[in-house]
Amino acid sequence: MPITTLATVQDTRMLTESVCKMVLFSPELARLAKPGQFVHIKCGGESLLRRPISICDVQEDTLTLVLERKGAGTQYLAERRAGDTLDLLGPLGNGFELPDGKLLLVGGGIGVPPLLYAAKRAKGADAVLGFKTKSAIILEEEFQSACGETAVVTDDGSYRLHGNVTVPLREMLHRGGYAGVLACGPRAMLRAVAEVCAAFKVPCQVSMEERMGCGVGACLVCVCETEKEGERAMSRVCKDGPVFRAEEVCW
Amino acid sequence: MPITTLATVQDTRMLTESVCKMVLFSPELARLAKPGQFVHIKCGGESLLRRPISICDVQEDTLTLVLERKGAGTQYLAERRAGDTLDLLGPLGNGFELPDGKLLLVGGGIGVPPLLYAAKRAKGADAVLGFKTKSAIILEEEFQSACGETAVVTDDGSYRLHGNVTVPLREMLHRGGYAGVLACGPRAMLRAVAEVCAAFKVPCQVSMEERMGCGVGACLVCVCETEKEGERAMSRVCKDGPVFRAEEVCW
Amino acid sequence: MANLNVTFAGVPFKTPVVVASGTFGFGREYGEMFDLNQLGGICVKGLTLHPRLGNPPPRIAETPMGILNSVGLQNPGVDRFIKEEMPFLKTLNTNIIANISGNTVEEYAEMAEKLSDAGVDIIEVNISCPNVKAGGAAFGTSCDAAASVTRAVRRISRVPVMVKLTPNVTDIAEIARAVEDAGADALSLINTLLGMRIDITTRRPVLHNNTGGLSGPAVFPVAVRMVWQVRDAVKIPICGMGGIMTGEDAVEMMLAGADIVSVGTALFQDPLAAIRVTEGIARYLEKMNIENVTEISGKVLLN
Amino acid sequence: MANLNVTFAGVPFKTPVVVASGTFGFGREYGEMFDLNQLGGICVKGLTLHPRLGNPPPRIAETPMGILNSVGLQNPGVDRFIKEEMPFLKTLNTNIIANISGNTVEEYAEMAEKLSDAGVDIIEVNISCPNVKAGGAAFGTSCDAAASVTRAVRRISRVPVMVKLTPNVTDIAEIARAVEDAGADALSLINTLLGMRIDITTRRPVLHNNTGGLSGPAVFPVAVRMVWQVRDAVKIPICGMGGIMTGEDAVEMMLAGADIVSVGTALFQDPLAAIRVTEGIARYLEKMNIENVTEISGKVLLN
């Protein structure tokens, strides 16, 4: 059950030139939030719409968000400082299902953050993280301490493995032992991950992105085409998602 | 010649529950500003229009403004703190003519501030200041030190003289010795002052208010009906005014 | 405490604040966040005779103090609505307004027939959806077409009929009169203004549908003007909407001529917006010493 | 440095950015603040055959990201404009666009005759002013009336004729086609959307004229959509306007179909807005490696 609440910014830090980590004090949300859920944040008086941001981590009374400065809304968020308050609506969305057993987490770019909280709540996890280039890498240490194994790839080979996430993904699935794959990142990456998982017959959950209005499932603007038991539907990313079974998404 | 400039807030103070005094660092504007002129201030990203505020005083490199919190724009201004910057367009308008000789300044409510700078620049001045009630009185001491005599009236008699500004005005004009009257305040007050001055045959200048767009004379939204040598015109408060000869205003 | 009761098209409303079609789904989601019985009414997501998947995403774009949407009437169809949603909606102690769109006059009539005994309090005839090809706005931009839809629904419906007007017309008063003459019990306005945004990096329209409907504060002054013009043109009651964010906005819309108001886009910023608007109206009435909210409708004093 | 030259209706423009009629007076005031020769053109305050005092104040009201104005064509009349303002304007190295409004077709024609030899580069025929009773928008809402004004002015004018369209119509493309067929050399759009604000304390409309014209960012998505629709309907060039605040906005308007753009309300927030818009366009072109600004007009890629 989502709530609206004013959360106080406790700490902010730039992780890269454009990615900001923000710790918010909000005991209620910290209590309610599950991995894969998100909050819908009011970005001052100039933006009419809230902005959806995934919950990256939860610690006692605080929520950690990691966000990339893109347009006016995320710019506003990145400018907040300790002591400022933010108007949050959340927790929203279904979140990841965490089956018993070890999980393989696959994140790309700004899709990496929500997987951290999943890593911490999972009964064992390995991770494959993909970034454009070395300077875009975020949260590597956090994943290393939360996961058994953490593979990092960069598109340009400027750090660790060269190439895309499907390379280590294949290898690790080949080795076996995973109860499922959770993926978050650009659509093209998710699709590729879904295909690999299908080939390996490993259940895969993907976290989708779409532009949102209400955030709670009422306005039907945030849809993703899905097919379940032969029935095509326009499912709501904010309510039926953001996490979908990969095989149900019409790519 | 108006300029746009970023001025830094040096100091703010509430003079009454809703009236705020603000000192701005702006050497260029301080150099250019004449009594009776105003600045047009951008009030954050939510208000499309700037807000016109009279120049209350000028001191070396600073400008003093006194403003009343009414709607969103003045609320924004009243919330500024030392170190914040404001985007100003100014100095605007014609300002008061300051004839040689002693002047009588008549101010009502939030119309009082611009007369202070006039008092300081005039070759001798007395003042009549009117307020709703005792708690609304502003700048009394400043006028007392800048003027020979300062009469204060309140609508409800809660301080000094009871009644409206025309009572002391008549008395003082009766005594004589004034080269002119400068008035700023609500329209009804200005009209009454103009009538009294006409009866005493003392030249009277009034500072008018109107809702503004450009502030520089280009858009013609801020007009005041005037008549000069038999010709009726819609004069621009921002450019032809805000100060008009009382006898030219079509009340 | 001021009295917020309004009788609108013969239907008693506890408060003059309803939520706008398409912004509130069928009520369940916001029902998790506040007590729906505090609302004057719920106008449900636009219904069509057959289920519709709507347009592909993106379906929303932000504009200065507004949004564009191009949902395209995604809905389960009127039959599943009656079967799956009305049982829940009937448990509520608030008015239910069914919003219908058809491809033909006959479809409108068929839906009205089905809904008349389904327990809805009012049928809102949407002749103004900018996001569908057939039907929708095509009916709303011509007096004849608007009148014929109204007549057909009015003849069949056993509940009051409210017709929703589009702002994308030269003369909204003319359409309003035609709809009144055709028997409408009430009018609602405005639906969205047609708009477009283009991403200058990709050169593509932000909305997959290229254009969409503009709502939110940006359209408020247009909505107030149109409500005022329509108030002047017809005698039937008006549900005013378009950019209402606060109680003050609602009062302004009522002074212009609205008997009740709808809150839509504001919900996206504040899920409790409709309640806050209601409280704001009550505060205004108290401050101004006005006993009944009905006393302010249409009471603008022209210059 | 990208090339910003545009030939518009046969007239060379140094940059595609002009200032909108009614927001820039006759240029003198802003001329104190920046070099007017940096502008692509100046569209002067709307002129009428005889001097007009305009409407009583207040003439402006603020709305969410917009303004309403009801100036009502205050101007010294076309003769005094030619005598008192043109000598100054002719000293400038930028295009001068005369904006004219008439009560009758004959008045429009008479003004065009007077202005043809006065040194203006383009005559903009305003058939869209929402703030005057006679003339203005009445001509802009009917294809026949719009065409007959256009025809009359086109017959007489010895400079290119640009017709300014009102957004307050059901189908702007239809009007645009009628005006093109009647011989217009160019189109400009949009003029203001009719709107209203009411002060809820006094219950009076904020504007003395009760209603006024909405401009500024609030209308931007509507303007972009209309420019796109009109681009699709006619071949003659388009001057796009309505809510442009930044270079990015101007690019968006050009992608939708504008050949040049006008900046109006933005000047009230930033007197140098037109220059900033010009710089923003140049920056975009450089970033995207586009040599000529003309390459982006109408180049939206539809979904």
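Order as written gives the chain letters A, B, C and D; numbering starts at 1 within each chain.
Criterion: a residue touches a chain if its C-beta (ideal position, glycine included) is under 8 Å from a C-beta of that chain, and two chains touch if they have at least 3 such contacts.
None of these values were measured; they are calculated from a predicted model.
If you tally contacting C-beta pairs for each pair of chains, C-D comes out on top. Subunit A and subunit C, compared by their mean Cα positions, are separated by 36 Å. Subunit C and subunit D have centres, each the mean of its CA atoms, that are 34 Å apart.
Between the CA-based centres of subunit B and subunit C the separation comes to 47 Å, rounded to the whole angstrom.
Annotation for subunit C: residues touching 2 or more other chains are 61, 65-66, 216-217.
For subunit A, the set of residues that touch two or more other chains is empty. Taken pairwise by the contact criterion, the protein chains form one closed cycle in which every chain touches exactly two others.
Contact between chains, using the touch rule, shows up for A-B, A-C, B-D, C-D.
Listing the residues of subunit D that touch subunit B in their complex gives 22-25, 28-30, 32-33, 45, 53-54, 56-62, 65-67, 69, 71, 74, 216-217, 265, 267-272. Of all the residues in subunit A, the ones that touch subunit B in their complex are 45-46. Residue ranges of subunit A in contact with subunit C, taken from their complex: 1-4, 42, 47-50, 89, 210-225, 232-234, 239. Of all residues in subunit D, those touching subunit C in their complex are 61, 63-66, 68, 141, 168-171, 193-198, 200, 202-205, 207-211, 214, 216-222, 224-225, 228, 243, 248, 251-252, 255-256, 284, 299-303.
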